[in-house]
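Chain naming follows the written order as A, B, C and D, and within any one chain the residues start at number 1.
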Amino acid sequence: MNPDYKSRLKKALERQFFMKLIGFDITRIEPGFIEGELNIEEKHMQQHDFLHGGLMASCLDIAMGFSAFTLLPPDKAVVTADINISYYNPGDGVKLIARGWVDKPGSRLYFCEGEISVIDKNGKEVLTNKAKSIMCVIDVPPVKL
Amino acid sequence: MNPDYKSRLKKALERQFFMKLIGFDITRIEPGFIEGELNIEEKHMQQHDFLHGGLMASCLDIAMGFSAFTLLPPDKAVVTADINISYYNPGDGVKLIARGWVDKPGSRLYFCEGEISVIDKNGKEVLTNKAKSIMCVIDVPPVKL
Amino acid sequence: MNPDYKSRLKKALERQFFMKLIGFDITRIEPGFIEGELNIEEKHMQQHDFLHGGLMASCLDIAMGFSAFTLLPPDKAVVTADINISYYNPGDGVKLIARGWVDKPGSRLYFCEGEISVIDKNGKEVLTNKAKSIMCVIDVPPVKL
Amino acid sequence: MNPDYKSRLKKALERQFFMKLIGFDITRIEPGFIEGELNIEEKHMQQHDFLHGGLMASCLDIAMGFSAFTLLPPDKAVVTADINISYYNPGDGVKLIARGWVDKPGSRLYFCEGEISVIDKNGKEVLTNKAKSIMCVIDVPPVKL
């Protein structure tokens, strides 16, 4: 594990352009665990006024991918090989909280899990999604990271 | 099947706020089949200058969900129950094309499939993703649709 | 929920011919939870002397399916709509223990989860699999159940 | 690719003990493609007299895994990292045919796809399952293969 994983991760976040577009913020970084949140606005919705399934998938991909990232040596990165998301309840509320964690690390594959809860107007938290992903360890690409 | 499925679908698209946020456009609507595209910009990227996995998931969720929508009677809608996406190649290019289709319709569940290709600067098309989803048929929610 | 869920489930097990073929036994039945085990023999193996991936899938399908079954009214049954299994470690040992539970019940779909541990010769338990499934509620088919 | 892939695969099949237990036979071996079949008997059934979901998963794991095996160099093998199976129709008939193929080969991961059809008493073929799997390339374990 990279002792500077937090600063390395924060540097990566600066170039997470799609994460910025959707308005998701990482709020907690621990070894093998990431939590983030998003203030729900109309732009996150689909036609029935529920949170968009693609938004859920995006927040989960970010939380799970970076949970693996925290455990990597400095010369390695991860890319998503496979992601599976279940939708338990429609998302409707004021804030979304996504969590991702490493369930089984490996030299080549990381098996991660994740979940999303949505906080409604009355402060009640509803579990909306469960997720799994397989992250593939790669050599750091020759880019800004 | 609703004979007016195209106009019903176009009305739904007007309220696909998240789809507008990410810049994905539906370009082909056939019974049980949807194609759409997106001009790739920096906002779609992650830190290694590849297309974001969440973007891929979002385009696929839209294409597969609306492919089911085309086959529904007017009093029904679909919500995503489960989505699975495989990442074959990193996405890098000028245009993304996503396709979704119904593989097995049903009265309660639609099994859909999808794929994404990315066109690079030289016009070469690369298959980046394969996907499956299960769409759950619901009564039309009491909203604008 | 059916107050007689245990006796109904035991009657169903009598006709689980494939479960008998592979030698898996249900050892614990609780509302929304099933545990079972299997004594590992050569017949359960693949060519590298590991437990066969299909065996793991079979035990998990049984444990998750019957965990949903425990929560059903007497006129309903479940069939598997979708199953996803991750393989964390190769299975090698003397006993396999599979657990399945309902994570999100519903009137039409049950989202279940499961896992397998294998006990090796020295009594050490190794987690080999994590799983998710979607069970679809159906009216009891006109059969012996 | 190993020019002797057919003889290597046939040697592996001799030690596929679980495949023999369930009664599945490989009937076609091509580069990146496997077909096999099974004569349906009572031992393959679950309590509603449908083919057992675990049986379907087992046949698909075998067909997809060996489809990757055909493309490997002689010092490599594959193990299942993840499998996902959708159940389109209940299986009921006299013969099951499973097919598996490599959709995206790689140096470390093979993305495979598969499907099952069941032939009923009148010779009609019904598609019962679609599947995806990720096979992980490993060095040949120090075993009989």
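To be clear about the criterion, a contact is a pair of C-beta atoms (placed from the backbone, for glycine too) under 8 Å apart; a residue touches a chain by one contact, two chains touch by 3 or more.
Predicted model, so just to flag it, every value in this text is computed and none were measured.
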Identified repeat of the B-D interface (over half of residue pairs identical), from A-C, C-D or A-B: A-C
Most widely separated chain from chain A, with each centre as the mean of CA atoms: D
Between chain C and chain D, centroid-to-centroid distance (C-alpha), Å: 21
Gap in Å, rounded to a whole number, between the CA centres of chain D and chain A: 34
Per-residue multi-chain contacts in chain A, two or more chains: 81-82, 84, 86, 134
Complex contact set, residues of chain D against chain A: 81-82, 84, 108-109, 134, 136
Contacting residues of chain D [partner chain B, same complex]: 84, 86, 88, 103-104, 111, 113, 127, 130, 132, 134
Of all residues in chain C, those that touch chain D in their complex: 12-22, 42-50, 52-55, 57-59, 61-62, 65, 77, 79-87, 90, 141, 143-145
